[in-house]
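Both of the next two complexes hold chain A, though its partner changes from chain B to chain C.
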Partner chain A sequence: MKGYEINVHHITRIEGHGNLVVNVKDGHIEELRLEIVESPRFFEAMLEGRRYDEAPWITARICGICALGHTTASILAAEDALGIEPDEETVLLRKLLVDGETLQSHILHLYFLVAPDFFNAGSVIPLAETHPEVVKRALRLKKMANASVETLVGRKVHPIGMMPGGFRRWPLPEEIGEVKRLLLEAREDLTATVELFRRLDMPPLRRDETEYLALREDGEYALYTGQIASSLGTISPPRTYRDRIHETVAPHSSAKHVSAERDSFAVGALARYNLNHDRLRPWAKAVAAELGLEPPVTNPFHNNTAQLVEILHCYEDALELCDQLLERPNGDHRIQEPTRHGRGVGASEVPRGTLYHDYRIDESGRITEANCIIPTGQNLANIEADMRQVVSDMAGGEPNDIQQRLEMLVRAYDPCISCSCHFLDVEFV
Partner chain B sequence: MKPKVGVFSFTSCEGCQLTILNLEDEMLDLLGAIEIVNFREAIDERGHEYDVAFVEGSITTPEEAEEVREIRERTKILVALGACATLGGINAIKNRHDLHQVRRKVYGDGAHHFPTEATQRVRDVVPVEYEMHGCPISKREFLQVTKTLLLGRVPRPSPHAVCTECKTAGNVCLFDKGICCLGPITRAGCGAICPTYGGDCVACRGLVDEPNLASMIEIMKSKGMSRQEVEDRLTQFNTLEPVDLEPHFSS
Partner chain C sequence: MEPTTRTAGEHGAGTLVLGVGNPLRRDDGAGVRAVARLLKLPLPEGVTVLDGGTGGVDLLDRMRPYARVILLDALRAERVPADEATGRIGDRGSEKNGERSRRGRPRRRPRPGEVVVFRLSHVDLLNPDPRFSLHDASLGAVLRLARTLEIPLPEITVVGVVPAAVGWGTELSPQVREGLARMVGEVHRLLAPARCSA
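So, the complex of A and B:
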């Protein structure tokens, strides 16, 4: 069998740039790497010496796409370290915001990055001419998700109102009503979205060894926070993350590699679906069943399908949270103060998987040690394992087809908008 | 012929690019008015020329410096986009630490694989026609600046402080609520969005020309802020504009 080489420069990013390198000789994989060559930014070091209430603000800047997720994980870590108990309404409002971010991110990924593939378009730009109704719907849905968050905390990219202990400004009842109105208006577009993506056939890929990790919470589909659960059965609190997952520095990647009970694991929409599908809201659950998404789903391409299901879940969940918030008196939501100091861990499900922030905070409220574990980094080793499977499944195939399939695979993991854009050789949007 | 526009990203969170993508209502009109020849990593497509290049992010490696010089050679107008590019922003906090230690702290024994240099603004490396401030940039300003550039003019940044816009927004002054805010010395253009949502201004748009720093620092002191707290506030986005606190705190 002849050999081939695949070399894609700057394919992907985890806050940045990555290269795809595959070298097959005589049917044998000599080299296979997803190289992460993003400029390191050193956030963990930057946090040292800063006050705990600056941390959400600073760490939001790790990623413009999941800024709200970093803000949330940072707040949870500080509250754990300092013994701060936010009030119930604060938690409800945070959950509503997390739903908004998940909606926004998944809509962006499915419509702008995944859909063009199935229309044989290089990007969403040609689609604006050939399928204007699809592009306009995508823009309307994205705007709905962005506007929901902006109405509540000022900005989607780097939210303003959130902080440890509460909110800098509590939204007015009419603002929460406005979010509900935006959501209700989107129902038809979401139905059309299900119809659109129902038709897309995901490529086959089977590798049953993948361990899935996601947060799990009593009585709800965990997104805001929860216990660390594995598809292998173990479950433990966020503070145990260092015993559960292990970070190593791989020379070819400025994002650290991570493993749990097996050599690699996956986080993200598919992992959450596999672990928590029983807790989805009704519409999401019904559509998942219609789509034949029988758990456990081990084909990583179905991360796309799981995102579609989560869009419906977050929509229903957000509506329910709006109602709950509107039923409660819009009283005085005081920002809760620290009651102790020490170490704290925050774990939250951001669109791409579980995000951990771990801080040690001294009695003056300053951070003395910080660690952040980012979902895309957790997936890297598993993506490489899946890439090997693709290469072996497609042995004898055309290198171009193999390259395209590999790019689709990495894209299915949704590493980051810009990365996936580059993957597709998309120039814009 | 439609003007050719490129958008490039260096060390940053990409939030400014994302802010452009979040112009849902204007997106189709924008795509009608300009030709976007590159939204990322154009360097492998040699030979491109741009009428306008938007550059997001700080310059933190020798490779990035080389790339931004190449972009400069191929564009008529270069606009630095957002605090990372215009101020160094959050990225410059690391300049306050020993960079070797910073690398070891994050990557341990693997540190030698990941070279880093002190964070630079785009204008520290190449000349820049316009700096669009903010973390992230404001959608409104992006549209205004782009329109002005398309008309062949170079826009002028607001000469006012954030306080001016905060008053217009009808906000109660945060100082009246006992919160210290950098609005009085910070360049306007954001519509005072942070104070409007309860957050103090942290000067992500940089300082106004001739800011009255001495008064600002005295006010912060009078609110009970320690030297360390004043320094934290002034350095969050503006590490590269050092302020001498010694005269205010040596007593």
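So, the complex of A and C:
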């Protein structure tokens, strides 16, 4: 095998920018690393000294896509620390919101970041030139998912209605009815989405060693919260996450790697599918079967397919939750108050995998210690292991083809570097 | 908690004042900070003020219902026009020895904290493609997508402030802290009745 070097600065179409370095000499991988994660330590320092009910809206700014996911994990951590028990309707409404966020994130990832690879388009803009109906459908679906969330709790950038113990304002029955109407209207577009993505062949890749981690919950496909489950059989409560997940410094990388029972693990849609496929809603389950997604699926490119299945699941789940909420009296939903103080852990499935927030809160309600583990950081070591497999499988291939396949692999994980800057870059002409 | 939006005239015409950026990246959040200030001040009828967060493709749907948008953001530009032909420069006075743009207009290097006001149709937004991602869907990419799909958008005027620091943190640099008052002043000037015919 001949030698080659791949150096990609700023992989396009991942959430933020990443650097990819591969150096193969005489058929031997001399260097392979992916640099995509910035440490969330800053947020931890920023939370210390803040009141527990300020934390959800501070952490909402960590990620423009997962604002609601960070809010949810933050609320769960505070409620665990303070002994707050939200009422049943509050939990139902939160689950409906989590469905909405998962829908909008997966729709954008599949249509804007993944689809261009399969249409030989450099980005969604040339795709909009050749297939405008596809991009317009993506925008309609995205708008529907955003509108659902905003109808219930206000702006997605700052889901201001959500807080520990309940909701600042409970949505009116007609608002929940409006969300149901928006969802029902989207059915045709979702059917077309399935038709589009079922035609796309994912590249082959098999790595049976991957351990999958996701939350698991009794009687439902866990997204809002659950127990930490591994594909190797272990299951334990969120508070045990420090015993389950170990941070290590990879000698070749400046980023920290994490492992559980094996050298690396994967979180995200495919991990959730592998662990919880038996709890999917009927349409999602039927489409997964039609697509031949036989669990356990060990090809990481099928994280894209698992996201498609989850879109259908969240759609059906959201409709069911609307009905459940509409059946209940829209009465008094008081915000529940703290009953103790101490340490608490919140674990929630956000679009890219399990998100942990861990707070220690003193008797005045201030956070004295915080820890936050984001999904992309958990996936990093596993992405590199998959990259090694791609390089080995494609030995003798053209470096350009290998580079393209590696970039597609990284995108399949839907990685996110939160908090990149967003200033306008301008040239006056 | 402070409100993040104030709405007047959501249907049809009207003006949207939209602040974007990330307040956890210091000066990058200037647009969002300016919106927070504007929400505390009296504004004319028919003006909606909105914290747009880090934007992305959602900006299309945010902007579409309005006749006019005033976009507040941090702004990176190597050179800005030294005359008023392409827009208004908030803080003139350091014109650079006769340097000119491709169209022959005099240009100069902007200073951190400086506020620059211009119509979006008068500039090239750099790197609109292919760095299109969910987080980083730059305004340039969003506008190009709108153009490709023939989605009509309102007239957009940018009130940008040149950042001094965009590292981790919630504190603005002293230059941009001063610039914030000028941004708010520019918005009021743009919203003055004579210009508010939309």
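The definition used in the following text is that the second predicted complex is superposed on the first by the 394 of 429 C-alpha atoms of A that agree within 3 Å, B and C clash if a C-alpha of one lies under 4 Å from a C-alpha of the other, contacts with A are read in each partner's own complex, and residues count from 1 in each chain.
Going forward, a residue touches a chain if its C-beta (ideal position, glycine included) is under 8 Å from a C-beta of that chain, and two chains touch if they have at least 3 such contacts.
These numbers were taken from a predicted model, which means no experiment stands behind them.
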| item | value |
| --- | --- |
| Partner chain(s) touched by A:T368 [first = chain B, second = chain C, both, neither] | neither |
| Touched partner set for A:E129, first chain B, second chain C, both or neither | second |
| Touched partner set for A:F167, first chain B, second chain C, both or neither | first |
| Chain B versus chain C as contact partner of A:L113, first or second or both or neither | second |
| Touched partner set for A:Q403, first chain B, second chain C, both or neither | neither |
| Residues of chain A at both interfaces, chain B in one complex, chain C in the other | 10, 15, 17, 42, 46, 57, 61-65, 67, 108, 125, 128, 135-136, 139, 142-143, 146, 154-158, 160, 416-418, 421-422, 426-429 |
| Interface residues, chain A side, partner chain B - complex | 9-10, 15, 17, 39-42, 44-46, 48, 50-51, 54, 57-58, 60-65, 67, 108, 125, 128, 135-136, 139-140, 142-143, 146, 153-158, 160-161, 167-169, 249-251, 254, 256, 416-418, 421-422, 426-429 |
| Residues on chain B engaged by chain A in the complex (per definition of touch) | 7, 9-19, 21-22, 24-25, 27-28, 31, 36-41, 44, 60-61, 64, 89-91, 93-94, 97, 101-103, 105-110, 113-114, 116, 135-136, 193-194, 196-199, 202, 229, 232, 236 |
| Sites on chain C touched by chain A in the complex | 1, 3-5, 20-25, 28, 51-58, 60-61, 73-81, 86, 101-103, 105, 107, 118, 122-136, 138-141, 144-145, 148-149, 158, 160, 163, 166, 168-170 |
| In the complex with chain C, residue positions of chain A that touch it | 10, 12-17, 42-43, 46, 57, 61-65, 67, 105, 108-109, 112-113, 122-125, 128-129, 132, 135-136, 139, 142-143, 146, 154-158, 160, 416-429 |
